[in-house]
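You will see subunit A twice below: alongside subunit B first, and alongside subunit C after that.
Let's look at the complex of A and B:
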């Protein structure tokens, strides 16, 4: 790790943030500086996904991946989005008076406690070696190949393990290598730490729009201390990154169901597009998200379903080129061979789904994130917040059933929580983070329902 | 009394108690885990900081490669544009139980942009039998545990 590598990484991440801020300015607009600061985490994630998607798609169509592309594309996107925003008449953010004293105290406490933990995680990340099997056996080799050869080298990409896994994460790693000046796999952990920081910021910023501070911050901190989440922020693999996108997209889709503001769905589509180019499971999780949204918006299906259909089609269009590339190069597909035959592996059916539910409910992995979310669903149900309950309930249930399906349909997977023998624990991180996003929203809705009743009477 | 009723009236009071209870559960879980997580991160940071440069760079390969010098020798000796092959004798006794099966994966990661190939002018040899190569095989580096880097001449 050198100062040069860290400076390069800082510059790249400044590009991500600037680009995301400009795109969000274009599609949403900024009312106040405080709002911009609150949503800067979401802007960063959007910037990473938007730039990463374009890099990936260019790479798939054989445009060489060079330092020029790494630096030039974010500049073009940021400048283009900013000019378009000004032409659309988006105003500069304005200054607003500070919030109430109590709110500020709770927020300051939550931010301080989060920053202290994140600083601890940074110290662990900055000099970490690359220990994780999947990381050094294929994620980082793919990145090093892109960095070294400037292309999806067929010899490497078709022979490595996980060869059908999409290229977004290796592309982001390769971009980091370019700006660091070498394939510095030690400093690379700082990039993953930054993804984690941005996720926490994005989740807190998004939820803060609707959730009371005293409900919000315990759950943000709970995400950070949950055994399989915060301490894995440095792991140079795709699992948590996929879960971040899923959790943030799930909040945006819910907000769209409630508000019907186009920017919410537009950004959710960008994040879902990122999901399908991050991991194979991204396709399943994107389908789950759309499925839950269809169920939750069934009462208003005439207005909602066409928009969701267009969103799903847009995600499918982004997903297609990579699938064409690997099929064209003779790489085996993503779907389990027996996956759609209900009679195949019948003896595995019940144990597979039980395994998925066992993992979902395990406090050993997720602390109390899931159990509290189930309680929050019940309370929101009592206050008749049906759309939100159906949405989050369906989301968590469908993710879990998806996990069971994966184990059931792939006979090579042992029915075990052992990490090397079955990916179920890693996969179920998506459900856990969805619970982390759901709990504060559900509790805040329930609380508002019973306190506003009283205020109005 | 009014305050108490606010908490126990049906169903609003029960919902209030429920919300407060679940937030309290989250707070307790955070309070219980927070110090451990912070301590653990500090311990990891100290451990990473104490590693030698080679331990940190080889990291996941430390249990596989047998001799760290071998991977550095391979990287130093094999030009970036040339191909290599990792040949491991099934009876290789060094390294760990996983070495025989997985050490070639580690070299593939570590040596990029050098490419692995079945027919290559460089061999990374883990107690391998060089007899079939005859005079073509020239050992250019030899380390512990019968690991060697071999150049095959035409």
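Let's look at the complex of A and C:
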């Protein structure tokens, strides 16, 4: 069971990677093999999201979910993207120039430490039971239903807890079951471990182009050892996967604000589309991301805002079919009942927002990720890197305010950090990972400002 | 290959190799199989009569209906804990009684196997 299942899972994830590499080749091209290796993590995440989105949308319109779809769709996407890339004149990657090997040694230490930590997580994931409440109460049962019946069984999906939660994660799980040959809920944890590995690889690969390696790798390792992050790499739930997409999309959107290269925004749109089909909070986080980008690009709003508007519209189009499906089947919607009425539940207002900030600043969950990010924001502000500071500052602040809003507007939620009574800790993981992405960028900016001042004096 | 590339590769591979050797020092890694969910019946313990196992629940439901139709009332289908569905008559009090039921099933071309009761 386990060896066969691992082999099947390896094949599926090779499909994700191949598909993502082909799509990334089409939208941005590859300069060198080293660049391809560096961005392979991002390519994998893109492949997972692109294929998962299409599977989800096909399922929503009642196309049977079979092994043929699981294998056939990635092959079609990868082949199509590769052919389109060649027709567009994208060249093969070339060899890496000799001079760029200088930073290898520091990077090697970072990779070595990361790989050792990930190897430990793998050993736990490979034989893990399904212990977490949400995982066994609805995420995995939904996946089993898709696997067994090949469809979104209405009775099942409308009566399980979290009935309005979008289907991306159950679809990815069901695909894993197909290639494993059974609903192997033990080996399934390896799939989540792979998502975590890809996130670390993608984040490091994206940041490496602008962040010095001796600044970057401590933060990568900090993510792996943060209590609510690294240890949860193997948990078969959607929370951390959503946070991965949010953190990576936030980096891509920042790069687009600075560089205005279309592929950066295009990939960010794909990741945000994945967010809105992962969890209900994905919609809020996508809106936060767009809001922060609008603020950071306000000086150049004529050029930037139309593109961001189109991006937001594209994400909304992807989000719509699932919403139509569950409303048509009588499932209650996602918006809190008291919405934005400040007079409703007024006594909850201040405690709710204080709870969100308490969770954000808690080292019990995120180690020093957030506190270091706040310091890095201040340092970068002193160097007058206003666009980056406004972007990340607004991002983290809006995520936190969003968390406060959720608690305030849903009276059934207790004002507590207890996981079973309030999802605030799960939700704030997005802010923590955004801080993990922000700090290296902000510190690099501050370092460059200091060293260039020293050189000029 | 330049010296730096070789050094970088060593920095990555050496600790990983040591880790793998330490991890396997106490024995090769385990790869559980589906057969670990098939436990032999034990004298003195309740017994499950398992008529069949299937990869999907719909086949198990059809098989269970057929088994009940020929007279083995109380037969149900359950996940077996290893990704398969089993059609089972649960909690037969003893191995001896289970063997009698097994012989009776053979007369209608059914061949259930005896396993340790899943509640045992």
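The working rule: the second predicted complex is superposed on the first by the 449 of 457 C-alpha atoms of A that agree within 3 Å, B and C clash if a C-alpha of one lies under 4 Å from a C-alpha of the other, contacts with A are read in each partner's own complex, and residues count from 1 in each chain.
Note that in this section contacts are C-beta pairs under 8 Å (C-beta built on N, C-alpha and C of every residue); 3 or more make two chains touch, one makes a residue touch a chain.
All of these numbers come straight from a predicted model, not from anything done at the bench.
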*Would subunit B and subunit C fit next to each other on subunit A once aligned, or clash?*
clash
*Could you look at A:155 and tell me whether it touches subunit B, subunit C, both or neither (first, second, both, neither)?*
first
*Classify the contacts of A:400 with the two partner chains as first (subunit B alone), second (subunit C alone), both, or neither.*
neither
*Between subunit B (first) and subunit C (second), which does A:109 come into contact with in this model arrangement: first, second, both, or neither?*
second
*Touch check for A:2: first (subunit B), second (subunit C), both, or neither?*
second
_For A:181, using the defined touch cut-off, is the partner it touches subunit B, subunit C, both, or neither? Pick first, second, both or neither._
second
_Per the contact definition in the header, classify A:123: touching subunit B only (first), subunit C only (second), both, or neither._
both
*Which of the two partners, first being subunit B and second being subunit C, lies in contact with A:141: first, second, both, or neither?*
first
*Hey, is it subunit B or subunit C that touches more of subunit A?*
B
*Stretches 25-33, 43-51 or 79-87 of subunit B: which one clashes with subunit C?*
79-87
*List the residues of subunit A that touch subunit B in one complex and subunit C in the other.*
116, 123, 126-127, 148-149, 183, 185-186
*Would you pull the subunit B residues touching subunit A in the complex into a rising list?*
6, 11-16, 18-19, 21-23, 25-27, 29-30, 33-34, 37-38, 40-42, 44-45, 48-49, 51, 55-61, 105-106, 108-109, 112-113, 115
*Report the residues of subunit A in contact with subunit B in the complex, numbered from low to high.*
113, 116-117, 120-121, 123-124, 126-133, 135-137, 140-141, 144-145, 148-149, 155-156, 160-161, 183, 185-186, 214-215, 218-219, 221-222, 224-227, 230-231, 367-368, 371-372, 375-376, 378-379, 382-383, 439, 443, 446-447, 449-451, 453-454
*Which residues of subunit A touch subunit C in the complex?*
1-3, 6, 98, 101-102, 104-105, 107-109, 111-112, 115-116, 119, 123, 126-127, 148-149, 177, 180-186
*Complex interface listing, subunit C residues touching subunit A*: 2, 4-5, 7-9, 11-12, 15-16, 19-20, 23, 29-34, 36, 55-58, 79, 82-84
